[in-house]
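Every chain is named by a letter (A, B, C and D) in the order it is written, and numbering of its residues begins at 1.
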Amino acid sequence: MTENLRVAVIGANGRMGAAAVAAIGRADGLELVAALGRSDPLERLLETRAQVVVELTVPDSSEQNVRFAVQHGLHAVVGTTGWDAGKRTALAGLLAQNPGVGVLIAPNFALGSVLATRFAAQAARYFDSVEIIELHHPHKVDAPSGTAIRTAQLIAQARAGLPPAPDATEQAMPGARGAVVDEVPVHSVRLAGLTAHQEVLLGSAGEQLSIRHDSFGQDSFMPGVLLGVRKVASVPGLTYGLDGYLELDS
Amino acid sequence: MTENLRVAVIGANGRMGAAAVAAIGRADGLELVAALGRSDPLERLLETRAQVVVELTVPDSSEQNVRFAVQHGLHAVVGTTGWDAGKRTALAGLLAQNPGVGVLIAPNFALGSVLATRFAAQAARYFDSVEIIELHHPHKVDAPSGTAIRTAQLIAQARAGLPPAPDATEQAMPGARGAVVDEVPVHSVRLAGLTAHQEVLLGSAGEQLSIRHDSFGQDSFMPGVLLGVRKVASVPGLTYGLDGYLELDS
Amino acid sequence: MTENLRVAVIGANGRMGAAAVAAIGRADGLELVAALGRSDPLERLLETRAQVVVELTVPDSSEQNVRFAVQHGLHAVVGTTGWDAGKRTALAGLLAQNPGVGVLIAPNFALGSVLATRFAAQAARYFDSVEIIELHHPHKVDAPSGTAIRTAQLIAQARAGLPPAPDATEQAMPGARGAVVDEVPVHSVRLAGLTAHQEVLLGSAGEQLSIRHDSFGQDSFMPGVLLGVRKVASVPGLTYGLDGYLELDS
Amino acid sequence: MTENLRVAVIGANGRMGAAAVAAIGRADGLELVAALGRSDPLERLLETRAQVVVELTVPDSSEQNVRFAVQHGLHAVVGTTGWDAGKRTALAGLLAQNPGVGVLIAPNFALGSVLATRFAAQAARYFDSVEIIELHHPHKVDAPSGTAIRTAQLIAQARAGLPPAPDATEQAMPGARGAVVDEVPVHSVRLAGLTAHQEVLLGSAGEQLSIRHDSFGQDSFMPGVLLGVRKVASVPGLTYGLDGYLELDS
């Protein structure tokens, strides 16, 4: 019998941290050995002999938590935002000095959302037209959503060199044709009752391909977190984005 | 055995006229007795003893064609645009002098579209949020579509006196939240492969109602035309809008 | 200033009862005066001078609770199941002896679901084909759902006398074409992540009308409960089904 | 200036052949040099110095047409059905003797459909539940569609070793839960107005991924045919399935 993997959560009191604590507690093959609040001493990670750290705190403390883990040979799965290119380069340098340690930084743990974005970008060069509709609860303050903007950018990259989508619009009311992100129209719906949803529509003569992701709540992140926890020890160095852990070559 | 209803088409060479000629020719209980081009003499209607005239020409000639029909006791089903309030009032006056004659003027013969608009307006007052997404082929020159604008206006009318839909948006890229028609956001997608589609989304805490109509081509107008032809003789006076002929009280 | 309406909930400890207590507590113009568990004495309704009773208990006790309310001049909004035709007839008799008292019995309080079913039934006679897809969480034990069966029956009623939907299927794997409820095909999807969803598809040459309702959780029932509470005093006698309270004639 | 690629169509009188003739005639960089009916002599391909042959005939003649092309050094793009494993092995042998010649046999030329099937299969192992809904015009004689069956088989392959999808159904009307193809439920809708549509629904706790393809008509096959024509000369040997020509690694 293989032993359970020893997992610690930092940021266990946040909404996503609490969900991670519960999910790890229920998962086969994993053992939750520590659930640290943001101000708890990091030494607890060592005392509890954690092997993988799930880091879900705030941008200000995330870097120092991850560096501590790496320096002590612990693998880390990181869901905190704010890891810009500079911080990632510095971390990659530290990982080079600690071979065998793996870190996954994932801006999005919802497997379905990660897959939807990837598929949309892959398909984009094979269609004449692409538009994005994203739909969220009405408490959201920004429009379009960050995910929609990133999706549009990846689509635009994939379509580099192709002619623009056909559009004969001459008379448009302001806003009718959406926000234009890197030449991709993005439409933002805000509707009571919804959570977080996105649909990419791709069209050519005689056909349409639609790729839609619905997130109904926070539990949609947990399969991605568990996938990261289970795999991080076998992928040394820095991986950015959950896609890197998916096997999609078949 | 009842006799067939004798039907004539004016504007038989246009796209919609040709479709009407074919549909009437195939329909049980109807007999196509005349198919007039725009410049054919209207006396043909009398010589062929038509009972119902389907008028599908152009705004310039429609009024005179319909008046001719009414004055000779023929019922008329009219799909030509341009019948503004003034023309309709004048026609109603003529009909008052010709009791027993019925005229249906329908800006939209697609039963599904008429029903979708009606249902959306009926439901609108029972939800916190309403938005419209309309999707068309990329050769369309206007955005939003006329149907979407009319739908938004009817929704706004139904919601008069209700609080506005919740929307916490603070940072929006221009266009992200769509065109605002009478306080209803309308999003216009233009995509190769599509024809004419519209979806009304209605949301409240914990639920969403979506009413969608897809038009895949001109044949979607024919059931509405046939319904009009069959019913117009039994509805004296002027009816504006196909809804007036639908039985929706159950 | 008008005084608040005095409302009591019976069955306040159940899931739906607790949600009703919370919703009434937050609602403008309503005052929660009593929240009774199933075994609390009904005299509390009188002591607290409740005007409207929301009855959300179990089939065994619902009838006696409602009769008590009616006999003491209290209006009632009832969400408990089990009110068959016999019980309803008996209650109508009691209401005849208590003129001015109103009772609403609603098998479904989700406004969107009630509207979706009604619209589907109204539209059904105007299309060649109608099919139902219902989608639920995988813990559901019955297929199709009760709502789908009732929707199919209403659709079949509306289509009485029309020819059957065209279907050239000759070679079908068992189950491919769904369950047939009163000649309407019903397809039941069971998918992790979902709650309760239903889509009615109506098609004719060249067009499709789709009416979809998504229920994401219990809070979708509360607007219907509040609508009932606010209106029941002005509708004497027995009303069965929330539709009776909706104004849909525009 | 590069010279145009010289293309011939065999089966030019069929519906798809005629569409191919038109599409090649309009395409940049391609020159239609021959449009053969089924009984025209194959020598015309040589006389017109065709470089690529598009084969769209019937199962009985397809093999002999393609062998003729290969033996004379012409590349071939084949859309005819009936190329079972035996015929493909024989053709691969012939191609081994004619190095440099490329043949693409594609059971489906609709790019969107090919991509949708591939994405569904790739995603399938990352979700708890997968079901397929396919929707077609009511003249279709088989249910489920061939594409749906193939999609279900690929999904089942990708999920080998995973636990079955959760399903608590105890009381089901016959057919409610669809046809079961390799443990994947498939629901077949037949609706007037539709053409050919397929949706794969994938669900896990808190999220859903939906991948939908709509085919509105035959012109959806042409971009795939043109892609094949342009690429076949650079891919020696036999390629089965259009996916092999798509670049999806980004």
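Note that a residue touches a chain if its C-beta (ideal position, glycine included) is under 8 Å from a C-beta of that chain, and two chains touch if they have at least 3 such contacts.
All values reported here derive from a predicted model rather than from experimental measurement.
Relative to subunit D, the most remote chain by averaged C-alpha coordinates is C.
Spacing of subunit A relative to subunit C, judged by their CA centroids, is 40 angstrom.
Our note on geometry: subunit A versus subunit B, Cα centroid distance of 46 Å, whole angstroms. Residue positions of subunit D touching 2 or more other chains: 127, 193-194, 202, 204-208, 214, 216, 220.
In terms of which chains touch, the assembly is arranged so that all chains touch all other chains.
Contact residues on subunit A toward subunit D in their complex (touch as defined above): 110-113, 115-116, 119, 121-123, 125-127, 158, 202, 204-223, 246, 248, 250. Subunit A makes touch with subunit B in their complex at residues 127-129, 131, 133, 135, 138-144, 165-181, 185-194, 201-208. Within the complex formed with subunit B, the residues of subunit D that make contact are 193-195, 214, 216, 220.
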